[in-house]
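We just call them A, B, C and D in the order they show up, numbering each chain from 1.
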Amino acid sequence: MAGLPDTQNFGFSRRQMLVGGALAMFVPALLSGCATAADPNTIGAPREGAAKAGGTLRIARPPASASETLDPASSLCAYEYLGALYSRLVSLSPTGELVPDLAESWDQSADAMTWTFNLRSDVGWHDGSSFTANDVVYTIQHILDEATASPQAGVLSPFVDGNAITAPTMHTVVFQLTSPNAEFASLLAGYNCYIIPAGSAGTITTSGIGTGPFKLASFSPAGPGAVVRNEAYFGQAPVLDAIEFSSIADTQGRVNALLADQVDFIAQTNLDFATASTVLASSLATVSSVKNAQWYPVPMLNSSAEFSEPDIRRALCHAYDPELVAKLATQGNSTIAHNNPVPPSEAYYLDYGLEYDPDKSKSLLKGQGLSSLDLSIYTSTYDPLLTPTALALQGSMKDANINLTVENASADSYYTDVWMKKPLMTTYWYTGRPIDQLLNQIFRSGSSYNETAYSNPVFDQTLDAARATVDQAQRKTLYQDAQKILIDDGGSLTPFFADRLTGLSSKVTNYSENGFEFDYINIGFGES
Amino acid sequence: MTVAEASVQTRSRAFPRLVRSIARSPTACVGFGLIFLHVLLALAAPLLSPYDPIANDAMATLSNPTGAHPLGTDALGRDILSRTLYGGQYALVVSLVATTLAVLLGSIIAGIAAFKGGIVDDVITRVLDSVLAVPAILALLVVITIFGSGPQIIILAVVIVFTGGVTRIVRAAVMDVLPNDYITAARARGEGMFSILVREVFPNVLDIILVEFAMRASWVMLLISSLSFLGFGANPPTPDWGLMVAENRNLLSIAPWATLAPIVALATLIVGLNLAADGLSKSLGVDRMKDVLG
Amino acid sequence: MRAAWSIFTVLLSTVLVFTAIQSLPGDTASRILGQNATPEAVATVRLQLGLDEPALSRFLSWLGGAAHGDFGTSLVSGRSVGEEVGGALVNTLLLASITIAIGVTIALVLGMVSGLMRDKKPDVIISTLALIGMSIPEFVVATLLVLVFSIYIPLFPAVVLAGQEATIAELLPSVWLPAAALICVLSAYVIRMMRTSVIDVAESEYVRTAVLKGNSTARIVFKHVLPSAMPPTLNVIAMNIAWLIGGVVVVESIFNYPGIGTLMIRSVQTQDLPTILLITVLSAFTFVICNLLADLGAFMLNPRLRYPRSAV
Amino acid sequence: MNNAETAPVVHIDDLSVSYLAGGRQVDVLKNVTLRVQSGHILGVVGESGSGKSTLAGTLLGSLRSTSFISNGSVTVAGHDVFALDPKALRQFRIEHVALVPQNAGNALTPTMKIGEQISEVLHSRKGDKKAQRARALELLELVRLPNPAAALDRYPHQFSGGQQQRIGIAVALASDPTVLVLDEPTTGLDVVTQTAVLGLLGDLQQTLKVSMIMVSHDLGVIDRMCTHVAVLHDGELVEFGPTREVLASPVHEYTRGLISSVPRIDRPGIPPAAEHDTLVQRMPPAQSVPVLTVTDLTIDYRRKPTPGSGPTVQGVNLTVNAGEVVALVGESGSGKSTIANAIAGLQKIERGSITLNGGDDLSSTVAKRSKPLRQAVQLIFQNADTSLNPRKSVGAAIQRPISLFGIEGATAQRALTEVHLPESYSERLPGQLSGGQRQRVGIARAIAAAPSLVLADEIVSALDVSVQSSILRLVDDMSRDKDIGFLFITHDLAVVRAIADRVVVLYLGRIVEEGSVAEVFSEHSHPYTRLLLECVIELGGDHSTAPDGAADEIPSAPPEAGCAFASRCPIVRDVCRTETPPTIQVSPSHSIECHAHPSELGGASAILHDQRIQL
């Protein structure tokens, strides 16, 4: 069923992982210029302007799991609460810059091995106690603790040693890294890195005590909950009085709730174009769009018999018409990727890809002694674009003598039974992770989220070299070399980057998305 | 006389009798008319459909009803009319095969249970009661989770779920027939169980089995469409009515026909089956509501 | 005797479901641990869950626990299955009781009117509506109800926002649309049964006699027809209540209703065996209880059962 | 509103009742004109389909929903029944007319207490529960229901068929009707019960002076009860007049045929079936070659012995010779069919032996019997409707035993000819045949297997008298021509007198008397046989002395010890309740199981001579 919760069966929740690296490369919400939408004046243009003070925002969200927790480090955290309840050391501005949050300032040593963060001294926890450096040390250690099984542990552990984090003063934290990393601070902006009180690992799961703009009023896993304004918040005071959360598993149910004016905003629901049209047709609701917010790869499992041969992978990459697929699946609310998983907005982006060429595709197949190819492509209602993408590919690849059979898998077990198991399936990621994280985490040999089971020593060496390179221009060349290898070797079939369409009430004003998160401070209700 | 002779005789008489029964009842006429129409449309779908039911058309997504697309298109530009017409094939084949198997199996089990009586009957009845006690939807979900989806699996699941109910009804009907003197005569002649069941019993519960069939078929169709709706049934892009409703229900306000066409198709077919069951039971003198108890 | 058989039925259906789930591919332990589980971790979890014991002994130990009201721990949420299913059950019971109370009342009245006015206009209208009710799936009814009564005419909530722990007062405003969807389907069968039953009884010799005695219509209906027309209808109501679970799954999922149906889908998908088993037990129990209640109702209404014939 | 003696209380004038079938009008009643004077009892007699029940219904203003009055009128107590509006009709039914239905078991509302069913008719005492109850009690006493006070709070099913019929009468009388309509009031009751109910009705008529219209197929009952008789045939009134006159000198040939077809105890032989038939005297076979020998047969239905009751069938001995018709007689529940089933191998026996042709063992059930044995024993059933598979053609039904047993030279066509049916009937389905024809097919199917023994279970009881005679003739022919032994099971003593060579009288699974027909019907007899004989209502008998029906109920189970009939026996003594009665060998071919001295057993013939006047 659409949007049913992920479950803990899936060791590292897919959902959390998708946004695990929402970092500096994040593309800010593009509030205008979505040219191809049915009504460009409506889609992607949420209200802006003065919000009246106060009000209660009602958010519908898909429940992550029956065992959701408020521990930010956990793979099962109820993430919509996090930004309201907690603060991080640093966070990302809408323009993608690293800005202070709990840390007033930070420094790195020349070798990028030692990082020092100076913390605010005026911050209190929701329970009244004061925030200190010990809380930070504890939080990072908690993330690194194997028992926590935090998705962020895999990101930090290669160069962070929990025992090498110290608090020389009440408001200073020093990280002694085990290997140099010039972008360490930005990794602390991940939402798993929200700071929790020292010693709270056992209680944070339901207490939700943080330093954020809102305090927890109630919470039940996969159920309703609420937060109210934290009057003692150290930053800019939020507009809203309170936020109420409710869990709705069915995507259509969430949309109905919005249309029936039961909720003001549906979180984590990327509307397909048709649904967005329905929402737009209502006087009560509107749709906001974030440019290229999600990328939709169709991983070909290299370890499978079907795709062990690079030419076959290339044949598939050449076999479909990306224009057509993008149009069908997203009605044009997308950017063609040309099978390069790196988004064009990325600084190190290489403008190179495998173009639509069915004849080339056929000749590649012929080279393998094949005149046609029959494959199953798996899809699910997990995300509304997965099935249209699969169906569009199915239609488009026919001309290249590649016959796809679409198999619908249950949304709930999709990321346990299909992802990284079936040779060909549709999936998606949130864009916005740094290129280093993207390429290392998803394509490096043996990495935990290597969904294509891609393994190429030359590619891996190129990535290592890039990391070790201090010179920016040189680093860029190396990352672009890696992209070229990846594209040519046919690791990933990537038709397009899609805009994310979010439904919200037309009463809501100043809605802005920050990757996977939205701005809790400025959002409010319009003056009528 | 051989078994074949007997069955030929029975059939040659039963068939015109059935036709007469249908003709006698206006209800049955309308019902069978609707079913016949659906079968016809499903068979003629390749001829009638203006488009390939699974062909996407990026240029004509969410089109309103036009000359080119009489019922419009869905979000992938697929022709609603073609999908609805082809949808009948899937619905009819899956549900009719599933129902036929369930009714056949149920009737055989029922015959054996009723004829043997005693402990055999008790065991069969109790086991089937237990299957019935598991909600159909749970049983179906479990079967589909075990074996995956696909038409064969759905048929298997339906057979598992519905055989018990059929058995219950047919068993009661066989029990009603068994005390008849012609059965006693056959027993006294020393005929075997299967001979008696085939020659004497089944021809006389055929009415009930037919009504049962029509009724179950309507339930099966409802259930299969519900499964598709829940995402456990047909795989996209199969033109299945339940799936079409699930795919397009969010578009009711902008592309109503994408949802309404399969609903209307499904509803008319089920109304047809129900009317056929009603009419048949009336003109064959079967107490149809007994079925509901199964 | 009936009670013994009933318990046997419940047990047997539990065994069937247990066996079926056992044959599911994949191992619960590795599902819980996910992709990166080490063999040692899987082994540990297997041991914790007792999965390495033979199926029979696991079933027996589950049964032992169940006998004491301990239905185990959910493999997904880690909460007590009893609590989790219990919470959902209370919510579903609210939905079901409203559905049954309203649906059965409406259906009995309509069925009676229909049967007594056989082939006249009200009968034709009621019978047609019942036929339509039988022919339209719950998900269609529910979808249309939401569209009309929540979105076009915002009278009722489109979905339930409250969670499983919601109080009855919190759920009550949201219960009407799901109940209406279920009523449409439930009452169709009851109407038809009641109609058939009333017609059957009305044609009986004793009703003819009652008419020839010069009784008033009201007296004939309420004293002579209804007591005999009710028992078969009760059976259908019982069966329908047992079936309600099927409709509940679809309707609950559409309305985000925090009940047994939602839980059932989730636990089947996550193969949460203890939860599924308890739901099975409850469903089978409902089935059996409904049948027993129908029999009891028939017993109360039918003096032939209440007073077995004895020499005067 | 009591009319004067002379004025007709019922006035049916040129009445036609019809229904439409396929656009064609079919008449159920054709221009019937009848009058019933106040205080008279009119019997309406006719065979099935004659329209007699429709006629009864019109008196209450009741028709089947598809029927309508196509001509004429019905006036009862001054009201034109079919001209009344619904409200007036209701009032009319309350005040003037009441129905005693054919089967009170079906006509009493099962969910209502007896008291209430009577009280609801007591409109004059509306609201006064106490008065209603008192009156209800009075009525139950009037119909001689045992323990009437307790009966008020019981439900219909708690009474036996005879008692239900009494209650039905009480309900009908409760409204003090001007006219009482009785639709086959005793059909379906055992003879003893029937006698008692008729006796009650006669007495009530005497005391209440109510006018009655009694519908019956049984001329004996009409003769006994009615002052006048109307003979209906095919919806037409063929004869109408005072009962004695009509029965003694029928004018219409249909009436003559009807009367002559009735078998009578006082006139042995098979009555004519058609106009030119004569009475056929049955001739027993010259030699005694036993085909069936049953010795000490005991059958027990009980799962375990229950104190106070014995086995269903106990110690039954009987013999059927080749070519002989042996009648097995008893009331319902006497175990007649159980014994037949045991012989057919459909019922497991507890003890005893059954042998065929003096040697072959029939003690085992059918599954263990050899093919020749299964072939040798054939069954014919009571209900022709259920004895033939409605989905199988007549030919197929007869062909089956021929093929199964490999009877050489036999064909279904020949078998049909033998039972006097056209060969072309083999293509027909049973539904296309009349009841008598179906029964012939049943006989043909049995005979086609070339059996040596036929078990005929109540094969004529559901048939009209004229058809009954023709079937009896067929049985007579078959037994003689093919030397088949018939075990002829029946409850009808007149039929026994007509067809049987010997009689075995069964009571609660025990044989009480056995002997040749002539002996059993004319000499010493068992008290039970005597009771049965007394209760036979003979056409033309003197019905003034009816037996007392107080002990008209047969117990539900046989006693553990002693004589099974002890509870009802008029000459019962202590020993009867404890000791199995000895066999009194009246003659070599006639035995009685009784503790009484042979002299006490009198002679059945004496009863006949004393109490009945020859017609």
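Details
Following the convention adopted for this analysis, a contact is a pair of C-beta atoms (placed from the backbone, for glycine too) under 8 Å apart; a residue touches a chain by one contact, two chains touch by 3 or more.
Given the structure is predicted, the values throughout are model-derived calculations rather than measurements.
Any chain that touches chain B and also touches chain D is listed here: C.
Of the two chain pairs shown, A-C and C-D, the one joined by more C-beta contacts is A-C. Inter-chain spacing, taken between the CA centroids of chain A and chain C, is 41 Å.
Chain C and chain D, compared by their mean Cα positions, are separated by 50 Å. Rounded to whole angstrom units, the spacing between the C-alpha centres of chain A and chain B is 46. Put simply, the C-alpha centre of chain A and that of chain D have 90 angstrom between them.
Annotation for chain A: residues touching 2 or more other chains are 1, 252, 410.
Counting partner chains per residue, chain D has no residue touching two or more of them. Residue positions of chain C with contacts to 2 or more other chains are 151, 253, 265, 269. Interface residues of chain A facing chain B in the complex, by the touch rule stated above, are 1-2, 252, 255, 272-275, 277-278, 281, 324, 327-328, 331, 379, 381, 387-388, 390-392, 394-395, 406-408, 410-411. By the touch rule above, chain B contacts chain D in their complex via residues 1, 6, 9-10, 13-14, 180-182, 184-191, 199-200, 203-204, 206.
On the side of chain C, the complex with chain D involves touching residues 204-216, 219, 223-224, 227-228, 301-304, 307, 309-312. Remark: chain D residues 60, 62, 90-94, 98-99, 101, 103, 106-113, 116, 120-121, 123, 146-147, 150-151, 154-155, 157-160, 163, 171, 175, 555-556 touch chain C in the complex. For chain B in complex with chain A, the touching residues are 54-56, 58, 61-62, 74-77, 145, 149, 230-232, 234-237, 249-255.
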